[in-house]
Structure formats: structure tokens, C-alpha cells
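Dropping the structure in here first, questions after.
Every chain is named by a letter (A, B and C) in the order it is written, and numbering of its residues begins at 1.
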Amino acid sequence: MTALLETQNLSKAFGEFRALDGVRIAIAPGELVCVIGPNGAGKTTLVNLLTGLMQPTAGDVLFNGKSIAGLGPVRLAEEGLARSFQLIQIFPQLTVQETIATALVSAQKKRWRLFSSVNADREMNLRVREIAEIFRLGHRLDITAHTLAQGEKKLLDVASAFALGPQVILLDEPTSGVSTAEKRAVMDILIAAGRQAGVKGIVLVEHDMDLVATYASRIIALTGGRVLADLPAAEFFNEPNLIAAVVGKRRGH
Amino acid sequence: MSAFANVLLGGIFHAAVLFLVAAGLQLVFGVQKIINLACGSFYALGAYFGVTFIGWATQLGLSPWLIFPGLILAGVVLGVIGPPIERMLRTVYGRDESFQLLLTFALVLMFQDVFRFFWGANPRSLDNAYLIYGAITAADLGVPVYNLLVIAAAIAVAAGLGALLQQTNFGRILRATAENRAMAEALGVDVRRIYMVVFTLGAALGTTAGALVVPTAAASLDMAIEFVVEAFAVVVIGGLGSMRGALVGALIVGLIRACAIVFYPEFEVLAIYCIVIAVLLLRPAGIFGRALA
Amino acid sequence: MKARQAIAAAVIGIVVFALLPLLVPAYYATLMIPFFGYAIALLGFNLLFGYTGLLSFGHAMFLAAGAYGAAVIAGVFGIRSFEAVLLAVVVFAMVLAVPIGFLCVRNIGIFFGMLTLAFGMLFYSFLFKFYHLTGGDSGMRVPRMNLLGLEFAQYNKIELLAGPFYYYCLALLIVAALLMWRIVHSPFGLHLRAIRDNARKAEYVGVHVHRFRLAAFVLSAGFGAVGGAILGFRIGLADPEIVYWTHSGQLVFMTVLGGFSNFFGPIIGAFAFTLLQDQLQSLTQYWRFILGGILAVIVIGFPTGIAGMVDALWRPLWRSKT
């Protein structure tokens, strides 16, 4: 089975500093991969390279066998790769409905339609509602984005990524800023959304080991720009030394 | 050859005046991040007031030899318009830059009628009063001494500003505020006062430039809106927010104008706009500017 | 803005304007002609400013394209059909806008403003200096043209402007507004607003930011040319002052006066400005000062413009009904 998203000997240096060194990973369809590691390990750099934001110093990133290094966010979205950021990004003056619709318009290639009405597109509006409901925003469709609560903004941000109907979605700490009680709910939403949108692979950068333990099918641990471990979740959690190396302390469970 | 040299010196004179206004623009932009479309209006105000001031002074018995310092005084005194205008601009600091541009544009409109009200619609001049300083002639080269005085003044201002910014505490504070306002505030800088001082300084530079130019050119209504474009050409070419940029940009624009007048009169202004466009496209930061996000 | 409210406002507006020439002296009717021209041009300008977030300080160059285009086609080539002229200047302006826009939209914010200002002044100096081609300072004559094939020879200029041409322009404005309404509420328009709100996020949602900005720029140029042609017809002259940077500034003024976040804002702004300027000019020779003061007050206190003020007053009434 060809990997959905893979890297080949990926390296990235910023001047003298080697952020990533010879990273080789592959994400297969059906996986939910968590990328973990201490701060400065290179997680964000990896995600940036995986989503075509930067050119690698060496090596390549392949999506469905095709090189996507440095392709840029727009082209990548068209290819079927979506991403969300740690810092919430919204369209302040657009409503929830319009935000999700923007992504759908893009995905359905209706972008150059100058004379049809967005409101009159029933089929699309149904889809908007479907997506909004998964993200618990179904009753907030007409609310302007900047007036939403912080948590709702986060969900909206992620919702617009899912609305693209991507094959692979990369989420950079999607539960950051969410209260501990809510984190699982958010994760369940993400998985449901992924299933509904036909997403084949999810990559998460995550710090919360509880969540990682519950949801990840595979774990990639990075330290100092190198892959420390790339294992199915069950195997990973059977290695207390591994956990300690990544998290920095023994877990009591 | 000598004609060319004369024209070149004329270009440097024009550059000196341009530098003074551009320096003011750069200070204000560098520290406050405001683009002041009314800089041309300050310039024209200085010119008009210069005429009036010298007129009064001469009536009161001022020796015609003191025109040069007199004009400088007139220009500097006009710096008093700085604080009230800055107070007005303060209301739109946090907002989108479009609003700042529009507010300064409103000032341009208002100033046009202020000039009309006080000085009428016709150009006002000092009737070549600068000739009192005579001219230096050396082998076909004839340059009015007045022009040299202005060039010297511009150089002095450049040196003074440079010293102020690099070597004084105040200069350090200015540069810090320009670099990072929030940080400066956190360190106890009274940013409001700084903004007021900077804006006033910028205004005074503009008005003084206008006052200094008026012996050689008439003060007119068109001055205010024509000058803006040249001043911006200087700032763009030199790099937004950079003092060295103001100097180099002013020289480039002044000299290009001078050369164009001699060689290709039709292309005089066209050449400048083409260069501005080229700079904005190829190196938006200008020669000395730092690239803005 | 809800469609129902918009339709109500539009219908009222159309009725008022349709009746105007019958109720007021011909002077005011002819005064409305520049209003129609500016209103159409500003609808296009606001697509760029209010909806895409790009502030151009050189937009008047497209009005100049319209006016000079009319002068060339009707005056030099003798084609007197206004429809032909309109078509031609729209195409001309849009073609012109492609390379200029391509260069300009790579930059945003002040740089976009400065680039457009520079291009505008470039055109000014071109029109001014190459007087063999363009008439220089004196400009080029724009002759009377036929409307829908009719010459209206029996009307003198004033009667023509207050009569047939008035309704022609009103019709043009209605068509332009309908067109712009569709554009703004289309998927394309949605993408523009997304770009305005957060260009970076828009990219991540698959929006080609540069292409869309360019498209908005080109479309706005077409509307500007129509406005310029109307202005040229009205004045009978195309002169370089049309493209001076202060005229572009005036366009921004009118848009902000009316309210740039509202679809009808530009139209309201064009109307308010035209009327204000006229009334102030008869009151005092220092009308520029007052206009400048009004702009300052709007920018400081009422950034949503007249439309915003009306909306703020109207909303509690609307709400108390339901």
C-alpha cells in the first residue's frame, strides 16, 4: 500500500541550526498519527514541511507519490492536504456559514462563478449545515466569526479545514486552549468530522499524552530534529523508557 | 559642461529641500507608522508664511542680509501646528492605515482653503530676494550663494538628526519606540509625548523646507499637492523609515529631475514615477529600508 | 444586508430618482449626471476597497480611461454611439488594468496605495506631457453622442442632460448595481471577502489570493471606465486633472462618506458628496475646508459612513417591530 503522505530523508536547516535531520516517516490511509516531542524538537517544522510551507534543505515530501515540497498552501489545498494552526485563524467579518462555505466553494471549484448566488446554492448550504453540526456550530450559522467564543472559533477554524474534503489533514495542537474536560469532546468531533468528510489520514501534533494514548493509531516521537520512535500506539506505550525520553518523567498509570 | 554643472547644483539644491521634508516624513513614519499626506501642505504653509514673515520683518527694518536666518526662524516657529494636528491624528492611531491616510488627506483639503483664505489664490513670492547674497562665479559656473546656504543647512540638519538619533538618550528612546512601541511603553517610555515631539519635529522640518525654498520659487496652491508625490518618491526610493534613505533618496530624485530637465524635459516627472514603481516592485523596502511585513 | 431591505431601499431610490427631473429645476437634474457617473465608478471601487480590502489611491486612472476613451472614439474616430463607446472603454480599461493590477496586487496596504498612486501620476504626466496626442493641459473634446441610436438633435445640451441622458444614466446605474450585487453575493465575492478578512487563512482554504485580487482590480476598472465616460459626456471634455492623485483621493472620500461596508454606501456617498459640494460652493468659496472637515469628522467619529449611521438609527426601530 503506497503511503498517503511520506517524507524521504527530510532535513531542514536554518543557517547553522538543524531543525530536522534525515526524517523518514510514512502515513498510510486509515491512520491517526500523533507527532509528539518536547518543545524545539522540530514538530512544527515537520508539519510546515509536510504542508508545503517551506522548502526542505534536503530530502523530499511526497503526497500520493507526488512531490509537494514547497508547493504552497493554495496548491496543497487543491491537492487534498489541509492544515490548521495553533493560533486561531478566522475570517472576522464572515459568518460561520460563510466561513465554511468559502472552503466548500474552493473545494467544489465554484470559485470563479461571478453571477450565481451563494445563498441560493441549496446543496452547498446543506453541506455547510452538516459540517457545522458536527462541530457543534449548527445553531450558530448566522453569527459573525469574531463574536464567537474562543472555543467556537477554534472549532470553526478546524471546521473550515475539514470542509475542504481533504485526503489528509494536519492539525497543530487542536486542543490547545481547550479546557481539559472538553478535550475528549473535541477529539471525538475531529474524528467524526474526518469520517464524514472522507478524510483518509489525520496527523496531529499533540502534547497531551492522555489524548495521544486514547486516540492515536501510531505515534511518531521527535527529539532534536530526529525521529526517536515511529511505532503503533500500543507498542509505544509498552516502552516506559521511550515515554520517559519524550515526556520527561515516568507516567504513573 | 558648465551648464550641466549648474543644473547639477540646482538638482542638489532641490535635493536639499526634499531631504528636509523627507526627513520629517521618515521620522513620523518610522516612529508612529503614519504616512502623512499633508506633508506637502506643511511645506506650502512654510513657504507662504515665509513670504509674509519676511515681508513684516523687512517693514520693521530687518536687514535683507538676514533673510536666510529669518526664513529658518519662520519655518521653525510654524512647528507649533504640530501638537494640535498630532492630537487629531491620535484618534486614529490604532485603526486601519486607510483611516490614517484619509485623515491626512482631509487635512490636505482643509489646508488648501486655509492658504486661499490667508494668502489668496495667486502665487506669492519674495521676488528673487535671495539674490542679495550674490552668486559665486568660477569659470562659467554661477551658483547663488543662497542655494549653497540652504544646502549647508540641509547637511547640518542631516548631521544633527544623525547625532540626535544615534548619540543622545532621546534618540535612543525614539529608535526603541520605532522598533517596538509596546516594549518601549512597558519600559516606562511616555509614548504619547514622544509621538507629539516627533510629529512636531517632522512638521517643523517640512515648514522650514518650504520657508527656505520660497526665495527661489513662489508659494502657490499647487505646491502642496504637487510636492507630496515627489516627497513620497524620495521616501520610497530611500526606504520607508530610514534617515539615510531620506538623504540618498532626495539626492537621487533631485539629480534625476535636474538631468531630465536638461536632456528629456517630457520625461522629467515620468522618469521619477517609473523609478518609484520599479523600486516598489523590485525592492519595496527601498535602498535602506527594512522590509515591512 | 438582507435582500428584502436592499430591494426596498433600491425601489424607493429608483422612484425618487425617476421623478426628480420632473420635480426640480433642470440645474439639479444635470447635477445628478456626475452623481450617476461617480456612483457607478464607486460601485467598482468599493469592490476593491470594501470587499477585497485594497485601498487604491490611483483609481481615477480608470475614470480617465473612460473619459479619454470617449474622446478618442467619438471625437477622433467619429463613432457617435454611446453604447459602442461604453463597450470600448470598458474593454480598454480592463485590458489596461491587467498588467497594472498584476504588478500592484502583489503588494498590500501602504505599498498597494503608493503603487496605485504612482501609476495614477504616471498617467497624469503622460497625458499632460504628450500634448500632441492627448491635448495636454487643455485635454480632449468629448462630443455629444447618440443614445440608443437616437441623436436628440432637438434638445440642447442642458435639455439633453436633464432629460434623455439623465434616464439613460439612471438605467446604467441600475444595471451596474444589479451586476455588482450579483458579483458581491457570488462564490467569487465570498472569496474576496475572505481574502480581505484574512488573506493567509484564505490561502489555506484553497483561495488563490493574487488571482482574485487581480480579478477584483480588473472588474473595478471596468466600472470606473463607465463612470468616466459619463463624466466626459457631461463635461464635454477629458482633461488630465481627472487622474490627479487628489481626484483619486476624492473617490475614496466619497466611498468612506457613504460607508464602505455597505453595498449602497458608495452610491449614497456619491450622492451626498455631489450635493454637498454643490451647496457648499454656492455658500462659500472655502468649501474645500468644510468638505475636508466633514471627511475628518467621518473618519474620526463615523467610520461606517452615512450608511452606517442610518443603519444604527434604523436597527432599533426594526427590532422594536419584531
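Just so it is clear, contacts are C-beta pairs under 8 Å (C-beta built on N, C-alpha and C of every residue); 3 or more make two chains touch, one makes a residue touch a chain.
Keep in mind it's a predicted model, so treat the numbers as computed, not measured.
A.B. asks: Just say which it is for the chain contacts: an open line, a closed ring, a star, complete, or other.
C.D. replies: line
A.B. asks: Indicate, using Cα centroids, the chain positioned nearest the centre of all protein chains shown.
C.D. replies: Closest chain centre to the overall C-alpha centroid: C.
A.B. asks: Using C-alpha centroids, which chain lies at the maximum separation from chain B?
C.D. replies: A
A.B. asks: Report the inter-chain centroid distance for chain A and chain C in whole angstrom, where each centroid is the mean of the CA atoms.
C.D. replies: Computed value for the inter-centroid distance: 44 Å.
A.B. asks: Using Cα averages as centroids, what's the distance between chain B and chain C in whole Å?
C.D. replies: Distance between chain centres, rounded to whole Å: 33 Å.
A.B. asks: Please report how many Å separate the Cα centroid of chain A from that of chain B, as a whole number.
C.D. replies: Whole-Å distance between the two chain centres: 52.
A.B. asks: Which residues of chain A touch chain C once you look at their complex with the stated criterion?
C.D. replies: Residues 72-74, 77-78, 82-83, 89-94, 98-99, 101-103, 105-107, 110-119, 121, 157, 160-161, 163-164.
A.B. asks: Can you list the residues on chain B that touch chain C in the complex?
C.D. replies: Residue positions touching the partner: 35, 37, 88, 91-92, 95, 97-99, 101-103, 105-114, 116-117, 225, 228-229, 232-233, 236, 240, 266-267, 269-270, 273-274, 276-277, 280-281, 284, 292.
A.B. asks: Within the complex, which stretch of chain C touches chain A?
C.D. replies: Listed in rising order, the residues are 182-183, 185-191, 193-194, 196-198, 200-209, 212.
A.B. asks: For chain C, which residues are in contact with chain B within the complex?
C.D. replies: Answer in residue numbers: 49, 55, 57, 103, 106-107, 109-111, 113-115, 117-119, 121-122, 125-126, 129-130, 244-246, 249, 252-253, 256, 285-289, 291-293, 295-296, 299-300, 303.
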